[in-house]
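Both complexes below contain chain A, partnered by chain B and then by chain C.
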Partner chain A sequence: MPNLNDILIMLPELYLVVAACLLLLLDAFMALKERPWLHWISIAVLLVAIYLVIVGQPAQSVTAFGGMFVRDGVSEILKVFALLTTAIVFVYARPYLIDRKLVTGEFYTLMIFAVIGIMLLVSAGSLITVYLGLELLSLSSYALVALNRDAKLPSEAAIKYFVLGALASGMLLYGMSMVYGASGMGGTPTLDLAQLHHVSSYTTAPKLLLFGLIFMIVGIGFKLGAAPFHMWIPDVYQGAPTPVTTFIASGSKLAAFGMAYRLLDAGMGDLSHQWQLMLAVLAVLSLAIGNLVAIVQTNLKRLLAYSTISHMGYLLLGLSAASPEGYAAAMFYAICYALMSVAAFGVILALARSGFECEEISDLKGLNQKSPWMAFLMLLAMFSLAGVPPLFGFWAKVLVLESAIHANMLWLAIVGVVFAIIGLYYYLHVIKVVYFDKPAEGSVLAAKPDISLRVVLSLNALALLALGLYWGPLLSWCRSAFGL
Partner chain B sequence: MNPQLFQLICFYGFGFITVVAALSVITLKNTVHAVLSLVLTFFSMACLWMLADAEFLALALIVVYVGAVMVLFLFVVMMLDIDQEKIREGFVKFLPIGLIVAVAMLVEMLGLIGVKAMHAQVMGPDPAAAAGVSNTAWLGQALYTKYLLPFEVAALILTVGVVAAVALTLRQRVGVRHESANEQVRVNPRDRIRIVKMDAVRPAQPTPVPPQEPSS
Partner chain C sequence: MFNHLLSLLIWLPVAGAIPVLLAGSRRPNLARWLSLIVAVLTFVVSLFLLVQYQPDAGGMQLSENYLWIASWGVHYALAVDGISVALILMTTFVSILVIAGAWEVIQDKPHQYMAAMLVLEGLLIGVFCATDALLFYALFEAILIPMFILIGIWGGPRRVYATLKFFIYTFFGSVFMLIALLYLYQKAGTFDMATLAALPLTMKEQTWIFFAFLIAFAIKVPMVPVHTWLPDAHVEAPTGGSVVLAAVMLKVGTYGFLRFILPITPDAGSHYAWLVIVLSLIAIVYIGYVALVQEDMKKLVAYSSVAHMGFVTLGIFIAFLLMRDPASVDMARLGMQGAMVQMISHGFVSGAMFSCIGVMYDRMHTRQIKDYGGVINVMPWFGFFYVFFAMANCGLPGTSGFVGEFMVILASFSANPWIALFAAFTLIIGAAYTLWMVKRVLWGDITNPHVGEMKEINGRETFVLVAFAAAVLALGVWPQPLIHLMDTSVSHLVQQLAIHKI
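Let's turn to the complex of A and B:
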């Protein structure tokens, strides 16, 4: 039976559920001229949730609801950064949404519901929680992508996302049912990830278990956007309203890492020798496709989409090491990627105006002459994404490569380095356009006068530099979560 | 007749109908027929669940999906003006490739899991029967105790569905003529009819000045 202790462990999630429902009511009953307050209330809601997560941090891993919900160091860190990046997305989104008349309570509520999905996903202790958290996140994301109904591209992107997402969920469920069945052969069937950990030692159907594992990896690959399950990423990134793209590229990726960690390590850790190579193949494919196809992109959002695919390759590099060190490096990478992509999309959001999405690379021509500070922030974001020292992205790359070498996968690390150099080209191309091209006739390219956006965006991009110089505490926080 | 044999025959019978109906959902030309065969799929699936002693789930499937969702779906499909030929385009063209992929996957799956794994497996005792309560009662107890968290999260997902549906469909479009019942009720007679006092005799109107031609 659930008791008060279970509820206290889940306090941040329950608080967010209540807050999201209250926001819905507020949106319905608020006077029209007070609606803008919803924006600040939503940000406050997220900040309070971060506070609740940090304050309630348990000394060691605790579970609630009979092991279905796990609260440990990994989930705490991922939750803090998922909430933080979502709050940043809210700040960046406001001028964009106002320009396009999309400022509705639904945007904020759906985002918060998606964050609740992320929080459930990263602390899932059972297959059923993984699936439900994933669906909560995905359904909210589909709706958010389609939010701008008057344009054509978002609807197309939403349909593609929905159909492929449903297919991936089906694959994941199919794999889970196989794993469940395998756990019932020679023992009691279980959905609990901690119990599934030992299934491979007793099951009479080891091939069935492996079969289920492969389907689950397909689901994980889709959620991460790793090649060859990456088809949805470019279209969704391009079609979705830019704030939603930012969210999918940041919070969602933290969730995908959390899901992969829970399913693969907590659930299928005994089979790590089986899935290590599968992840390595996914990593190499993602690195190749992401970096090579990004070179020919002319649309900045599509370029960032392919860059996501390549970054997921690096993340998989860390995961495929299948050691606490590798997981810590991968989590560090996920956090780093979330902060970098939020900054990159933040610059796009700051420059977009109504009727001008600022999503072509050529739109950025001569940004340095028009708005030097924005150009500098873009430079920081791009250099960090490319992994140029001393920025944050460099250390994240170094760590995953190191973990791959320690896991005796030197070839994988070499592939990673080669593609990092290839990837440098298209990031530098953006910087070249920003700094060395002449502005086009009549281009405005002025940053939004929104103070909160400018301040947070500057802090965000400068944090990439600061964390690049002083990354020790964050890394040791990540490592401590895995008992290192 | 041996009851176990009868059950086995029923299982394969319903299983066969389910697969055939599911296949016809995606192969039938007429959309309405496809929806109807989806109903048949659900129905035979419910029968399969009935065989597995999951009476409540079977009934819920029929009442909720067949009774409510599919009927609604049927209405929507009937109302939509779908160009059948256009949807079918490419179906025949890609059929061979699809068939090859499907057969290859089936063979691979059977090869991997092995036909050996298909022999009867004795699963654990039915927890409902062990507890001495009906299937429905056991399900209800499990949902509100052991599976409380997933159950509530499922409710949350439904809430998201409602919010998303409203956010995506309720929008004010300009240039669409529609009645606003609210305004109709609140209307004030004074706004609609203006009583004007006029002189009985029309005053002499000033002759309108012809507009000046703009000098070029």
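Let's turn to the complex of A and C:
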């Protein structure tokens, strides 16, 4: 029976569930002209959730509901940043949604449910919780992608996302069932990740366990968007409404890291010598496909989609080290990537208006002439994504490269930097369009007057610079979560 | 103030860029004056280095050391030796002239131009005084951002190609250096450059690390065969960009040789010294011939920069060769000293040459040699400076160009007369391409009617050229203070060559 303590441990999640349901009710009973208030209420809901996560932070790892739910340093950090980036997405989304008449309760409630999914996923203590969190996140995301249901492209993207996502979930579930089966051969069957950790030492079916592991890695690869499981990323990024894309590119990636960490380290840590190389292969493929294909993109959202794939390659570099240092580096990378991609999409959202998505790279022509500040923010985001010092993205890359070298995978680090050079080109190309090209004839390019968006976007992009100059505390925080 | 002199030097121009940017496009003159004030202030502060730095004491001085990233042991560590002091002074000096030189030339968003220049200045100063390898690397790479913007916005017609090539080329080299640094961090547990210098490494490790460093710095210098970005970048860059590029940024490469290759991989450096010497000689002789056939003035000076930088790398690596025989330590020191003097001298001479070309370009909007002819008839004062800097460029005694080249040739002669023979070729080829250009541009009759309309240099341009000329002449006639400033540091570097780390 769950006791009060269990409920207290899960308080932020339970609070969000209640809040999301209340929002839905509020939406139903609110007058149409009061609807804009939903926006501010939702942001407040998320901020309170961040507060709850921080104040309830346990001194050491605690579990609830018989080990199904884990609350430790890793989950705290990931939750804080997932909530934070989602709140930022809300701020960025407002003018976009107003322009397209999409300001509805559904957007906010679905987003909050997706965040609850993320929170469950990163706190998962058993295979069931992993699956529960993943499905909550995925189903909300599918619906969010199709939010603008009259448009063709989003509907296509949503169907594609759903079909491929369902396939990947199936793979994951299949893998889990094999792992569960293997745990029962020579011992008591278990779904608990902490107990699964030791399965490889006693199971009489090691091959079955290994197969299960491989299927689970397929599921993880899909969620991360690592090649060769990346096919959905470009279409979904391009097709989804930009705020939803922003969410998928930020909070969702934090969740994917959390899921990978829970399944691989907590669950399959004993088999790390097996999955290390698998992840290394995924990393190399992601780096290659992401960076090379991005070069030829003309659509900015698609370009950022391929850039995500390559960034997941770097994240995998850290994960494949299979050491606390490596995980800390990978988590640092995931946080860094979430902040960078939110900033990059934020600029797109700041420039988009009704009838003008600002999603072609050529749409940004001459941005520096029209609005130098937005151009500068874009410059920060792009140089950070490219990994040029002194910006944040550079240090995250340094950390994962170092962890790869530390794990005796010097070759992987060299592959990483070679693709960083290739990747540099397309980020520079965006900066070139922004700074060096003249504005096109009749260009409607201008930044939105929306003050909250401008302020938060400025803070977001400047944080990339500030964290680039002083990233020590964040790194220490990440490392402390892994007991370093 | 003196406790944080180096930090002040780095951050003053960087912070100064913010008000310049805020001054905005509406009040361009305010932005210009502000940036000039910041640059002059920085120069004045950098003069305190001369007061504070004790040349005879040697070692790294004026150090500042703060823990930056605790969990990684990265420090915000700064310190200078004589070589750094000289380079920093050159940077602050040239920055003033660059900002003065761009005064009314840059009409499009001058505040952004000036701000980029100031940020660049601060970062360059940072490179010259960082003593933590990761800090050095971050600054070394960060330089690319303002330069990328400078060439890309205010450059010539092919500026996008040139600036992308410049950025990707240099980035390509340095990422391997990053891997090498991370490897060293694994072994040493720190990025402190002095500790890395004392770290024992096997020959195999040294060889790999040597080549990783070599590719990073050789591209920056640039050495043959990775010099091809330089002519493009120079031709397309605005005058100020070219001046900073030639005068200061190329020195970052050779400075990296001194700070990384010499102390960290002395054995590999000694083993592969022949490679760098051969490449330097190719730069001196072959690139000299390439310069001869150029029709674009900026390209010609860019190639001549490659040839002159060949002297710097030759001087550094001839010291490696000489140190194989402990008896010739004095000669090794001479070669190294020559390389240092050549570094500083080339900064002033090439900066001045590019400024001169900028002056002509502002009037004619062409850099083709064939479009000129008889410029001396309309611009006699300008002609005077141009001839003077051309003479310095060919290494005429009495100008700074002579001192360094002579010292390097002397040192190479004692290592191997053949090397000296090839190096001395520069005296002929350098004179040939420079003077031939002067002949075609300045002398003769005016054939292009537009040349007849050229106006004599104004007060601002005269100030820039006089300042450059004073520096070139001072170093040429009386190089002793400069040599004295760097002497102890150079001796220390040469001693490091003799230490075996295997």
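The rule we apply is simple: the second predicted complex is superposed on the first by the 484 of 484 C-alpha atoms of A that agree within 3 Å, B and C clash if a C-alpha of one lies under 4 Å from a C-alpha of the other, contacts with A are read in each partner's own complex, and residues count from 1 in each chain.
The working rule: a contact is a pair of C-beta atoms (placed from the backbone, for glycine too) under 8 Å apart; a residue touches a chain by one contact, two chains touch by 3 or more.
In this text, all values refer to a predicted model and were calculated from it rather than measured experimentally.
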Partner chain in contact with A:Gly472 - chain B first, chain C second, else both or neither: second
First, second, both or neither for A:Asp450, with chain B first and chain C second: neither
Partner chain in contact with A:Ser140 - chain B first, chain C second, else both or neither: first
Which of chain B and chain C A:Phe211 touches, first, second, both or neither: first
Touched partner set for A:Pro389, first chain B, second chain C, both or neither: second
First (chain B), second (chain C), both or neither touched by A:Glu402: second
Which superposed partner A:Glu76 touches (first chain B, second chain C, both, neither): neither
Partner chain(s) touched by A:Asp265 [first = chain B, second = chain C, both, neither]: neither
Which superposed partner A:Glu357 touches (first chain B, second chain C, both, neither): neither
Set of chain A residues, in rising order, touched by both chain B and chain C: none
Residues of chain A defined as touching chain B within the complex: 1-2, 10, 17, 21, 24, 64-66, 68-69, 104, 106-107, 109-110, 113, 116, 120, 126, 128-129, 132-133, 135-136, 139-140, 142-143, 146-147, 149, 184-185, 188-189, 205, 207-208, 210-211
Contacting residues of chain B [partner chain A, same complex]: 109, 112-114, 117, 121, 123-124, 145-150, 153-154, 156-157, 159-161, 163-164, 166-168, 171
Touch list for chain A against partner chain C, complex: 368, 372, 383, 388-390, 394, 398, 401-402, 405-406, 410, 413-414, 417-418, 420-421, 424-425, 428-429, 431-432, 435-436, 470-472, 475-476, 479, 484
Complex contacts: residues of chain C adjacent to chain A: 68-72, 74, 109, 112, 134, 137-139, 141-142, 144-145, 148-149, 152-153, 159-160, 163-164, 167-168, 171-172, 175-176, 178-179, 182-183, 185-186
